[in-house]
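Before anything else, here is the set of structures, which you'll find just below.
In the two complexes that follow, chain A is the common piece, with chain B as its partner first and chain C second.
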Partner chain A sequence: MDNRDIVVTSRIRLARNLKNYKFPVKITIEEAEKVISEVNSAINRINLNYELTYMKNLNNIEKSALVENHLISPALAEKERAAFLLSKDKKVSIMLNEEDHIRIQTLSPGLSLKECWDLSNKIDDVIEESVDYAFDNELGYVTSCPTNIGTGMRASVMVHLPALSITNQIEKLLYGVSQLGVAVRGVYGEGTKSIGHLYQISNQGSLGTGEETLIEKITQIVNQIIEKEVKLREHLKKNNFDEIEDEVYRAYGLLTNARRMTVEESMKLLSILKLGKEMDIVKLSKEMDIYRLMTMIQPSNIALKTGNNLNPKEREKNRAEILRRELLQ
Partner chain B sequence: MLCNECGKNEARVHVTQIINGNKTESHLCEECAKKNQSVLNSNFSMENLFSAMLNNAYNTSAYIPTMTCSKCGMTYEEFRNTGKFGCNNCIDTFKQRIMPVVKNIQGYEAHMGKIPKRAGGSYRIQKDIEKLKSELKSAIEKEEYENAARIRDKIREMEANI
Partner chain C sequence: MDNRDIVVTSRIRLARNLKNYKFPVKITIEEAEKVISEVNSAINRINLNYELTYMKNLNNIEKSALVENHLISPALAEKERAAFLLSKDKKVSIMLNEEDHIRIQTLSPGLSLKECWDLSNKIDDVIEESVDYAFDNELGYVTSCPTNIGTGMRASVMVHLPALSITNQIEKLLYGVSQLGVAVRGVYGEGTKSIGHLYQISNQGSLGTGEETLIEKITQIVNQIIEKEVKLREHLKKNNFDEIEDEVYRAYGLLTNARRMTVEESMKLLSILKLGKEMDIVKLSKEMDIYRLMTMIQPSNIALKTGNNLNPKEREKNRAEILRRELLQ
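Moving on, here comes the complex of A and B:
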C-alpha cells in the first residue's frame, strides 16, 4: 500500500506582514491595495505563472468552490479587500489581506511537508527581496494574532482513516495525538465528527520551535497514525473480511445505482469505497481518484458546473449522475 | 434545573470550565446561553482561547487599560477583545502586558527558526555567529583543530562585518 492512500495532501502555510502598513484589522482601502500590488509585482518579477484574483470580483459560488478545493481559506472568502495569487499548477496560493497581509500556502499530495516547506520558504524569500517584513528579534515574524507569532507556520496533513473510524478507535487515537501539541479536526463536518473519515492534523504552537523540527515532529506523528491504520486494515482483512467486503460492495452498489445523493451520504460511501479499493476488495481503474470525486460532489463545485440553476433536490440528482458517470466509465 | 442566570427557564446548556485548575460549572437556559456567545461557541480555536485568556488575566483586578498604540490607534481594550494586533508597532506597545499569556499559550517565549534576510538584518548574522560558536566548541572538544581554526576565522570575518 502506498502512503498516499492514507495521506491525501500535505500543506504548509506561512503568515507574514509588511512593516509599513497597518494590519488587516486596521488597514485602510489604499493600504490594502498597496499590499496587493507590492506582493503581486514581487512575485511577477521572478515567476509569471501566478494569476491574481480579487475577492470582490467573485460571486459566492465561485468563492465557496475555491474553499471546498482548499485553494483559499474560508476567512479569505469573507474579506472584501482581499485577493489571492494562484500558481498555474494550483500548488501555491498566496492569500492577501486575510487575517495577515500575506499567507503563503503550498499544497502537495501525500506526506510531503518537507517539499511544501522548501517551496514556501523559497517563495517567502522571493517576496522578502522587495518588501519589508514585520519581524521582532525576540518573537519572530509578527502576525495579527499572537497565536501565529514566531515562525508564522502551520503545517497540516490531511489523512483518510476509515478503518480507525469504523472500528470506533479514532476518538481514542485523536485524543492521544492532541496531547502531543497537535490539533486534529474533521475536514468536512464539525469538530472531530468527520464525514468521509478525513482528518486534518496540524501543529498548535508557532513559537520556540524551528520550522524543520516542527515538520519532523508532525511527520513522525502522522507516520505513527498511518501505521495504526495499516495494521488495522490488515487485521480487518484477516478477521472480518466478509463484513468489510459486504460493506464495500454495498457502497459501490449505491454509488453506481442511486438516483439521488446527499453530500453526507456520498462522502460516507466514497470513504468506504476508497478503503475497498486500497484493500484490493473492489477492482476500480488505477487512475480512479476517489478524493477528487469527494471534492467534485461538494455543493459549490456542483453549482459552479451547473450554473447554480439547480434547487437542492435537482442538485442531489446531479450528484448521483456525476457519481454514476465517474464510477462506471 | 433552572437557569443560573435568569432563574426562570429550564437550564438546557451545561458548561464546565477549567481555568488554571479551578473548575466552574454553569447551567443556562437557551436564551441566556445565546446572550453569552462565548459559552455556545464550541469552536475552541487558539484565537478564541487567546482572547479569553487575555480577558481572564486582567478582569480580576481593578485594572484600567489606557495603553494605545501610537501608530495605528489600537487601544489595549480593543486588542483584548479582538486578540489581534493592528500593526507592527502594537507588539512593542503591548509586549510586556501580553508576554505571560503568549508564554502560556505557546509554551515558549522566544523565536526559533527562520530569520528573514532583510528584516532580520544584523540579528540574523548574530544568530549565525552563535551557531558557529557552538560548532567551534564542539570541534575543539572533538580535537578537530583544523576545522576549528576555519570556523574561528569565519566568525572573525562575520564579526568584522556587523
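Moving on, here comes the complex of A and C:
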C-alpha cells in the first residue's frame, strides 16, 4: 500500500502581514487594494504568472467551489475586499486580506509537508524581497490572531481513515492525537463531523517552535496514524474479509447504478470504494482518483459545472450521473 | 403490461377422502400404506407416470425445498405416513395422508384458475374411477377439517403487489378483500407478513357454493386487485418516476454486486427489480424469470443444491453468487 492512499494531501499555510498597514479587519478599501497590488507585483516581478482573482468578482457558487477544492479558505470567500493569487498548477494559492494580509498556501499530494514547506518558503522569500513584513524579534511574525503569532505557519495533512472509522476506533485515536497539541477536524461537513472518513490534522499554535520542528512533529504523528490504519486494514483483510468485500461491492453497485445521490451518501460510498481499491478487493483502473471524484460531486462543484440551473433533486441526479460516468468509463 | 406480471401463479386444491378408511390423523400404518397404493394405482392405471415419493424417504432439507417450491404443503412435510405423487411437468401434485387422504393440487402460471380447475377435475375423475370417495349427499365431500367440507376446493392466486406495498396501500386493500370472505396471507415468511410483496389470495370455506362460482368470485376479486396495482404503477410512472427509477437501479446494483445476501433482503430487492422490469425501467432479458429466482434463493433450495454443507454465512455468500450469475448472464 502506498502512503498516499491514506494521506491524500499535505498543506502548509504561512500567515504574513505588511508592516505599514492595519490588519485586514480594520483596513480601508484603498489600503486593501494596495496590499493586493503590492503582493501581485512582487509575485509577477519574477514572472510566476499567478492569476489574480478578486472575491468581489465571483458569485457565491464560484467562491464556494473554490473552498470545496481547498484553493481558498471559507473566511476568504466571505471577505469583499479580499483576493487571491493562484499558480497554474494550483499548488500555490496566496490569499490576500483574509484574516492576515497574506496567507501563502501550498498543497501537495501524499505526506509531503517538507516539500510544501520548501515551496512556501520560496514564495515567502519572493514576496519579502518587495514588501516589508510585520515582524517582532521576540515574537516572530505578527499575525491577526494570536494563535498564529510566531512562525505564522500551519501545517495540515488530510488523511483518509476508513478502517479506523468503520471499526469505531477513530474517536479514541483522534482524542489521543489532540492531546499531543494537534488539531483534528473533518474535511467536509460541519465542525469536526467527518464525511467520507477524511480528517485534517494540523498543528495548534505556532509560537516558540521552529517550522521544521513543527513539520517533523506533525509528520511523526501522521506516520503513527498511518501505521494504525494500515495494521487495521491488514487485520480486517485477514479476519473480516467477507464483510469488507461485501461492503465494498455494495458501495460499487450503488455508485454505478443509483439514479440519485446525496453528497453524504456519495462520500460514504466513495470512501468505502477507495478502501476496497487500496485493499485490492475491487479492480478499478489505476488512474481512478477517488479523492478527485469526492471533490467533483460536492454541491458547488456541480452547481458550477451545470450553470447553477439545477434544483436540489436535479443536482442529486446529476451527481449520480457523474459517478456512473466516471466509475464506468 | 401482462397480467402474469402481477399474478404469478394460480392454484386449485381439492380435498378428498376414501370411504372405508379413518381420517389420516387416526389412520394405522397399514391403512395409510393402502391409501397410498390405491391412489397410486388409480393414477398409473391410465399411464400418467406420476412419481411417487414417501415423506419418510426424504430428509428435512428435501421436504422443506418442496414446500418452498409450493409442490407440497408444510403439513404434508411433517407427516411420517404421508406421500405425494408428482406429475412430470410439476403442475399436478397429489398429496396423500396429509389432513385428508387425498389433496389434488394443480398449479398454473398467471390468472388461470379455470384451467387449474379443469385439470384438477380430470385428475379427480381418474381417481374416482378406482376408489370410493367419502361423500354426503347433503354436505358434499366429507373432509377432515369442517372448513373444507362441501366442494373440498381451495382456489388460491399468488399476486405480486409491489406498488401497493411500497406506497403503504396494501394493508387497507387486503383488509377490504378479507371482508369479502377471502383469505390473504404472505407467501414466504411467517404468518401474514409478506416477503417480496407476494400475497396468496384464496377462498375461505367451500360449503354451499359451487366450484365454478367460487372460482369466478376469486377471479373477480383478483381482477380488481390487478386493476388497482396497474393504476398505481401508471400513477407512479407519471408522478414519481425519478424515485422509482432510483429504487430499481439501486436494487439491481446491490443484487449484481453484493457478496452476501439474506433471503429477506434478496426478496425485497428482487421484488423491486421485478417491478422495474415490468415498468420498462430496467432492461433485462425477456426470459429472466424473477419469480423463479425468488424460489432459487430460498434457504432449503440453496441447502439442497449445495449438499447442505454450508453454514448460514456461506449460504448468504452462495445466495449472492446465484443472484449475480443469474442476473448478469
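For the reader, a short list of remarks on this structure follows.
Throughout what follows, the second predicted complex is superposed on the first by the 326 of 329 C-alpha atoms of A that agree within 3 Å, B and C clash if a C-alpha of one lies under 4 Å from a C-alpha of the other, contacts with A are read in each partner's own complex, and residues count from 1 in each chain.
Following the convention adopted for this analysis, a contact is a pair of C-beta atoms (placed from the backbone, for glycine too) under 8 Å apart; a residue touches a chain by one contact, two chains touch by 3 or more.
Please read all numbers here as calculations on a predicted model, not as lab measurements.
Using the contact criterion defined above for the overlaid structures, shared-chain residue A:Thr106 touches neither chain B nor chain C, since it reaches no partner.
Contact with chain C, but none with chain B, is seen for A:Asp242 once the two complexes are overlaid on the shared chain. Of the two partner chains placed around the shared chain by superposition, chain B is the only one that A:Asn121 touches, whereas chain C remains out of contact. When the two complexes are overlaid on their common chain A, residue A:Lys22 makes contact with chain B while staying clear of chain C. In the superposed pair of complexes, A:Ser64 makes contact with neither chain B nor chain C.
In the superposition on chain A, contact of A:Phe135 is made with chain B only, not with chain C. Ranking chain B and chain C by residues of chain A touched puts B first. Applying the stated touch rule to the two superposed structures, the chain B and chain C interfaces on chain A have no residue in common.
Partner chain A is touched in their complex by these residues of chain C: 242-243, 245-246, 249-250, 252-260, 313, 317, 320.
By the touch rule above, chain B contacts chain A in their complex via residues 42, 46-47, 49-50, 71-74, 82-88, 90-91, 95, 98, 101-102, 105-120, 123.
By the touch rule above, chain A contacts chain B in their complex via residues 17, 19-23, 25-26, 99, 121, 124-125, 128-129, 132-147, 149-151, 153, 181, 190-191, 204-211, 213.
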